[in-house]
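Before anything else, here's the structure in question.
We just call them A, B, C, D and E in the order they show up, numbering each chain from 1.
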């Protein structure tokens, strides 16, 4: 199949993703508690990892995919730090 | 309400000021061309037809970091270690660890089980980033920073004591860091050391043969591209960065209780 | 020539200038040392972003994106591919400089965190005004 | 033929992911409470990230024009999908547990809360 | 009709405007933990901007440092010292 069909399709679904990201960021900025903010960042970043893979297919640059692996690994860390802070009040032990 | 007003002013400033700046913007914005020096680096990063000038690494950034401007990076590594040594000197203290017996340490069992899987994956991803640094994006700094998150995650999820019981102590990390630094120093002068007994002219931080010096490390070993010194530089920088950060995290997460006990002991 | 792309790039640059100004405000006028450290990290990241923007290259034609400075298919390469790569890749030099700057920034931040911790152990507070008052 | 099929299935999965993302984002903004928002976030991570990642790796496997590295993209996509599948629920779990234990957000509306009766806010 | 380049630049410009909002709240917020969370939003958006400017090396080093290590280090400092910035 011609690759330009895939590129055109990706261009048409891009606005949906972007609107979703904007809504996520709005919740992350205004969330009433810290947990809401972290939850919104969490969901946004996992979607961002998927978005980066889709863009790397759009750009036809296979090497850009390594960035998505690293992003998917680290967002988990932010959850853990905030959870530990809320539970124990001292992160060290 | 005051915050919302300030935010609106900031956003209006951005949109309006960029309308003003757009006339002058053509001079400061990126264009369709890049500089002459950048083209030179891109052209010579991997170029089998110019064997006397190339680095034989398809990754232009790593070849700039460790070959074209290698001396810069060596000095930047020195600055980095001075900062780490400063932190160690400030956080140093002889502390007796008193492990609390009664309470449960760390987070829940689900998170601990997931971390047992993901910590191994983190180290594997970091090693692949570092060791393929001359072929795909990555390198010693990236791999080291990636691997340094694993000890911190284990400290946060299990506890400070768990990592010590597993044998990851400050002394081991100091040994690894010294190994990395010594390795960088040796690799920087290895071509010079090889060339010296043979009476050939060679440079410090030399990788591939140069026009006036016909010696250099091999670019391929067993058909695998290793780009001469770049692979070794990435490996040693990986160890050095990871161990340096791990020492600092081990020091910074000492529970405050231990320090308080120590101070009380001194007073009495 | 003024076009939409120029305006969008200008918005990016102006936002970064605004971030720089806000971070400088945080460093100078916020009294708490932790807030100063947070503002310092933002300042460093923004300065790095300027370097990356300088190294960017606009697309050559509407359907061929500019490429990262990594040669993908190096095993069976010919001269034509190499010239094509040189004509489409972005500038690798700012990326190489920023790479080490980020790691050094983290090391310096760790040093500052240790310094703040020692100040708290000595004075019992991290507010600059109170520290000044305690010193007398 | 089989490659065309892979690409079409992958594109359908990308579309599903986009719609699920939008639904999750709207839900995250419309729900009232942190514990209710957890449901929306689950939709966003599993349907909005896991499914399009599988779809992207299928597209990469069916597109020979991506060059020699296309299996790298396919394998990388699968690896990221696996990571999202195990890491996202664990992160949400840790966050929800910590929030409930520290008493940051009250459970509301609530029928019964066996973990901590003080956190339960009955309706009316 | 927008070209592909203009669409990509539009997304990047939107991201940079949101990064300004995140930085603004991070600076004026009194609760330090929330300031760290706003700083994490800014880091994620910056990583996306670096990606769109075709710098995969920088993304690889920036995400561990700015998303994985900065918040942890500053949260450790906060948990050992004070939580709220006094007026």
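The rule is simple: a contact is a pair of C-beta atoms (placed from the backbone, for glycine too) under 8 Å apart; a residue touches a chain by one contact, two chains touch by 3 or more.
Because the structure is predicted, anything quoted here is derived from the model rather than measured.
Any chain bridging chain D and chain E, meaning touching each of them, is among A, B, C; the list is complete. Among the other chains, D has the CA centre that is most remote from the centre of chain C.
For the pairs A-E and B-C, the larger set of C-beta contacts lies at B-C. One finds 21 Å separating the Cα centroids of chain B and chain E. With each centre defined as the average position of its C-alpha atoms, the distance from chain C to chain D rounds to 30 Å. With centres defined as mean CA coordinates, chain D is found 10 Å away from chain A. For chain C, residues that reach two or more other chains under the stated contact definition are 9, 11, 15, 18, 22, 53, 55-56, 58-59, 65, 67-70, 72, 90, 95, 99, 102-103, 106, 110, 113, 117.
Among the residues of chain D, those in touch with two or more other chains are 67, 69, 83, 87, 90, 94, 97-98. Along chain E, residues 4, 17, 20-21, 24-25, 56-57, 60-61, 64-65, 68-69, 72-73, 76, 78, 80 each make contact with two or more other chains. Interface note: chains touch in the pairs A-B, A-C, A-D, A-E, B-C, B-D, B-E, C-D, C-E. Taken in their complex, chain A has these residues touching chain E: 11, 14, 18, 22, 25, 28-29, 34, 37-38, 41, 44-45, 48, 52, 55, 63-64, 66-67, 70-71, 74-75, 77-78, 81-82, 85, 89-92. Those residues of chain C that touch chain D in the complex are listed here as 72-73, 75. On the chain A side of its complex with chain D, the touching residues are 1, 3, 6, 9-10, 13, 16-17, 19-21, 23-24, 26-27, 33-36, 38-40, 42-43, 46-47, 49-50, 53-54, 56-57, 60, 62-63, 65-66, 68-69, 72-73, 75-76, 79-80, 82-84, 86-87. Interface of chain E with chain B (complex): residues 17, 20-21, 24-25, 28, 56-57, 60-61, 64-65, 68-69, 72-73, 76, 80. Of all residues in chain C, those touching chain A in their complex are 65, 67-68, 70, 72.
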